[in-house]
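Chain naming follows the written order as A, B, C and D, and within any one chain the residues start at number 1.
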Amino acid sequence: MKKIRKYIDNSNLSLFRSIIQIIFFIILVYGGFKAISISEKIPTFACPYNVRTGGTCYLINIQHQLHSEWAGFITWRGISVLTALLTFIGLFIILNKSWCGFICPLGTIQDWLTKLRRLFGVRFSRYNKTSFKSLKVIKYIVLILLLVIPLGMSNSFFGLPKITEDMSAPYCQLCPARTVLPAATGDFTQFYIDFSSTTTIIMTTLAMIITALFFVGSFLKKRFFCFFCPMSALQFLFAKIGLLRLVKVGNKCTSCGNCSRVCDIGINAIADDLENKFIVKDDCMMCFKCVEACPENNCLKVKFTGLTIFRSTDEGFFKRFSKTKDYNITIDRKLSKND
Amino acid sequence: MIKSFFIVLCITIFSLSLEAQVFQTEWLCPYPQQHVKQHVKISGMQKYYAMPGKYGKEKFILWPAKGNSLTEVEYMDSLTVKKSQFYLFSPDREYEKYSLKNTKSGYAFLYDFGKEGYHNAYMINKYLIHDTLFIMISKAERLSHKCRNGHKDVQKKIEPLIYPNLIPFEMIRLRMKPGENYHFLLESGNHVTFKVLHRGKEVKGAEVTFTTNKDWHKTIITNKKGTATFQVPSDYFPSMGELKQKKVSYYLVKAKFTVALDSKDTNSQFKYICYTCTYPGEYIPSQSLYKSSFWAVIVIVVSVLIISIIVIISRSEKNKILSRL
Amino acid sequence: MTKEVSDKLQELKIPELKSSLTSKLKNEVYKAISEIKTTFQDSPEGMKYFLNRYEDLIDDQNKDYKNKKIIATNCIYVPEELIYASGAIPVRICNGFYALDQAGANYLPAKACPLVRSTIGMIDNNYYPFGAEPLMVVNPSSCDQKKKMGEIQTKSNIPIYLLETPPVKDSDDAREYWLKSIIRFKSILEKTSRQKITKSKLKSAINKIYLAQNEFRRFNNLRKNAGIISGTEAITVINTYFFDDIESWTTHLNLLNNELEKKIQIKKQLNSTDKPRIILTGSPSIFPNIKIPLLIEKHGGIVVNDDFCSSTRFLYDTIAVDEWNMYDMIPAIAERYLKPSTCPNLSPNKDRGRKLIETIKEFNANGVVYQSLAGCHLFEIESLNIISLLRQSGIPVLYIEVDYSPENTGQIITRLEAFLESLT
Amino acid sequence: MMEYFIGIDIGSSSIKTVLIDQNASIVNFSVVPTGYSFNKNSENALLQLLSERDLKISDIKSIVSTGYGRKLFKLAQKNISEITANAKGAYIISKLKIKLKTIINIGGQDSKIIIIDDSGKVQNFFMNDKCAAGTGRFLEMVSRNLEIDIENFGNIHFQHHGTPLSINNTCAVFAESEIISLLAEGHNKSGIISGVHHSIAKRISIMANRIGIEDSVLFDGGTALNKGMVAALEDELLKKIYVPEHPQITTALGAAIIAKENDESN
């Protein structure tokens, strides 16, 4: 058992993650060719606008389901809304936020863009503390709008006129996944400006601007979009009850800052926060790069239902970061009793 | 001399009127008369359903009608309908001899949503004039689908079905390749192909005319594969702001083919059989009417430029520190 | 010493003070080495290399660093990676020689910190490890005595570069200021060693230090089995990193680690000795000033670990770089020396107490000896809250004032013995 | 058969030996000046002690030495630091009378403050052995100058009424010249003596604040015999101070008790 544990702790998790990302990218974006469909309520992006999608993102579901009168929620429609939400939570709990880190195709595209930038040696951008704090709120505003607008379309709030039908599935119209994922299968029909009414003109132009922002942003800033994504905001409401957990032992931390430096999203709180154990912050995507980069034994641990499946060890750290090919030293530690 | 001329004239008028009378096309009209609209429920995609009531819950509805143009439609009443035969086939080929129901909105074909896929409804009338037997077949395909039932192996379920032994002469709409699915909507500007079949075999040389509700029509002779392809015209020009993306307009396709009987079985009173088959359908304005990818590309390129400039300026301050690396 | 004799010596290019200084240093080193050899009978085979390195340290004819570019550094804050990447070798010149302390006495007041005085003594007498003169001495502005030391006019004409370190470590401005000062240092380094620091050179430098750190971490882990190796020997082993060539140091430490691991397999018990396990903290004790750890281990204690910046702390913290490009490596290097640092010149220094208590738990030590060099105000002031923190968490602490002179061990011994007896 | 243990405290100014039996009651004790070769003197003191109770060296179960010369005393099986010995001795002596927490010991060459926990183990201690001010040596120097024997310093202290003369010089050596000038100005000796007592007491109270003393304080060591010193200390520390019957021998007694405990444990 200890041998397996040691092998896992020394393993190169980033390699493993990029393999998983590729696999799920194929499943979620090209699943339709083989009629694979994971489920209609996945807690990650798998855009139904992409005809060949291998599953459907839950956001479009919830927007359609909320597009009904108040009375509707008491009838069978309310039950279907509830069951949809429960399946979403059920799926989400298993992998917690690592749906974003390991599976989301949009995230995978952003990681590839980062690798591209790295090739050209362009410097990455990083938010300083103040802008990080202020930009953090956007994804919650988007989530609230995403839930309120469909309701506003079918019921009039405080006597105001109902929102026009053109705004159906408001977030999906603006979401970069609608344009990017179908493009990945070669279908560029989603790149259009719809002139049929002023609302559609505004919405589709915004969508195009957001797509441009998506490409430029994630080329320069690692995981640019994930910072504004309402799915991560929706997920965070249930992150605390997830089975997969990232736990930090505060007093083992030497606050060396490695974890916040390698964090793609640039979360500083993981290095500064020494108090609470459950260290997943709201924009964390649980890609576990921080656990790989932590040189302290047992400081950062990945637990699945209480069982530690991956933890930070100094041996693992040196195995991952140093090269020993032209030295006659090997990095391995005899299994000592107090491990 | 004048007398003979006069006789010939009245014969042609008579035959014309006969022709006209005989040759008014019969078809199953998917839209009701104006004055009965309130008895009928309309769905998001302008598909008409019978109100739930005497005949159980919501049902598809088709009104047998006559008339060459789609605008002045002469709905058949009880008299003419008596002689015709009605057939109804569900997607898994269950056959049911059908009789019309007299609903508030007139004599109509009513049938359940039932199974996923296309339900076929047929009306057959036979007329004998001189030595030709006119067999008028009006066909209608109605899709029944609920998203809740999922979208599994859609291609198989939407294949056009034919019944050669019961319906001698038929016409099918070939499914759009690739990827036609339940949510397929024929857009003006797209091509649609019809195949004419006589007792299951493709018919070469049949006349297929395609008419829209703006009385635009076009006739094509089927080739040796029995198919005729039309390009759906775009005839919807709304002013700014009133564009309804999903405005449904109807089309009617009529195929006509006369077969000469061989002289052997002389006992029949006629030498020629003239088959005609009608097939109604809907189409919506083409997306290119209001969607332009050209502008999308422009917006993207412009915003990429603007964003990059903004980002480069905001990064220059940090670059100064790290520039000496 | 009549005038003619000193003139003759001047011509022979043997400065008179130096000859007697060498002999003083030599016997200081030999005395320390013999002390270690006599007190610790079963010291592992691998120790020999490290003790010999000290003997080579003080003989000027040693050819190790003959034609190499040397950069003398004076504190943990100076980034070694940059020096290695610029093709030079960093040599740390803080030392524990009492003779150099005396030699530097006329530059600094009596109450000044002996470590700074011995560094000034080394610079003034041009007495560098292996007799190899550095191109430049890098002197950080960490504690105030080191900062002022840079300005003192000594006989040596080697340029002293002041590396500006921030007084605080948590604020963003301090980190940016530190990054800028590191970048300025990089360009100065490139000028002095006339070699451009490129991405690949920096990466291989970081890699060299990774391997050294890996061996050190193994060594540190092994010391959890108290009694495997004495604290004094451990401090001498790590102190040789100051001046030794990094690759040979790493390979020899690797051999020592393997030897220790075999020893643990044979011995099988974990905490074999019943002697009280002591953790040393406070001002660093650098070879040959190993008075306190030696006395503790002579009188029945065992030094399990320490958090001196001259031994455990300066090899402990590592860098994790996401993209091996300059714009990521340089900030990473800068953060290595600032963020995890628990040097008392930074305030507030909450991390130090927290980490000390964590090391105590990890090495299940029984007590802490807090030593502060006479005149080192930083450690003296910080001792108040560190000692009260340790007292609150029920850990016995002894505060001792130390200096480099070998005489006043009598009083220290009584205090140490009383403290050790109160632990058993 | 009665077992006997000996604790010997080889101090800078005097050698104190204590002989106890196995239920820790003091059989005999002696205080002898250290002189030059304390090795020989301490041996004689030991033999002298035994002969008074007509015992021989062989009857002694174990001997523990403490104090400055503890390492060089051949006869002792074990030597411990005087801080641990002092703590143990003071704890045992005062166990019945007070709940001891702080021990102030002013010896010949140093002055110590020891904090013990309620089981008698040393918790924290502070030692001043670098500066002669506040040690017995300072009192010896004053007695030489005033040609008054230290023993009767105690009652002379009380002859002086009113505020004691302030000897503001902290260093023992310079305080000597200050005392001489005070004498020249015609101040009476009792004022000077009480001034000296208070300056020592002040030194001790500075050390006390550093370490934070707690209630039930015990004062021992040679200087504790001097009543005036005890009074001065009580004024400075504002605490009731308990002085054992023979304050000089507490450390030696502690050593003897530790000898007994070690013997019992193994």
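Convention: contacts are C-beta pairs under 8 Å (C-beta built on N, C-alpha and C of every residue); 3 or more make two chains touch, one makes a residue touch a chain.
Not measured: the values here are computed from a predicted model.
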| item | value |
| --- | --- |
| Any chain that touches chain C and chain B | A |
| Both-way neighbours, i.e. chains that touch chain D and touch chain B | C |
| Identifier of the chain whose CA centre is least distant from the whole-structure CA centre | A |
| Chain whose Cα centroid lies at the greatest distance from that of chain A | D |
| Centre-of-Cα separation between chain D and chain A, whole angstrom | 74 |
| Separation of chain C from chain D, taking each centre as the mean of its C-alpha atoms, in whole Å | 42 |
| Distance from the mean Cα position of chain C to that of chain A, given in whole angstrom | 45 |
| For chain A paired with chain B, centre-to-centre distance based on mean C-alpha positions, whole Å | 46 |
| For chain C, residues that touch 2 or more chains besides their own | 327 |
| Residues of chain A engaged with two or more neighbouring chains | 123 |
| Arrangement of touching chains [line / ring / star / complete / other] | other |
| Chain pairs that touch, as defined at the top of this document | A-B, A-C, B-C, C-D |
| Touch list for chain C against partner chain B, complex | 176, 179-180, 183, 186-187, 326-327, 330 |
| Touching residues (chain side chain A, partner chain B) in the complex | 35, 51, 123, 125, 188-189, 191-197, 200, 204-205, 208-209, 211-213, 215-217, 220 |
| Sites on chain B touched by chain C in the complex | 321-322, 324-325 |
| Footprint of chain A on chain C - complex, ascending | 172, 207, 210-211, 213-215, 217-218, 221, 224, 247, 250-251, 254, 261, 264-265, 270, 316-323, 325, 327-328, 331-332, 335-336, 339-340, 351, 354-355, 357-358 |
| Complex contact set, residues of chain D against chain C | 80-84, 121-125, 127, 129-130 |
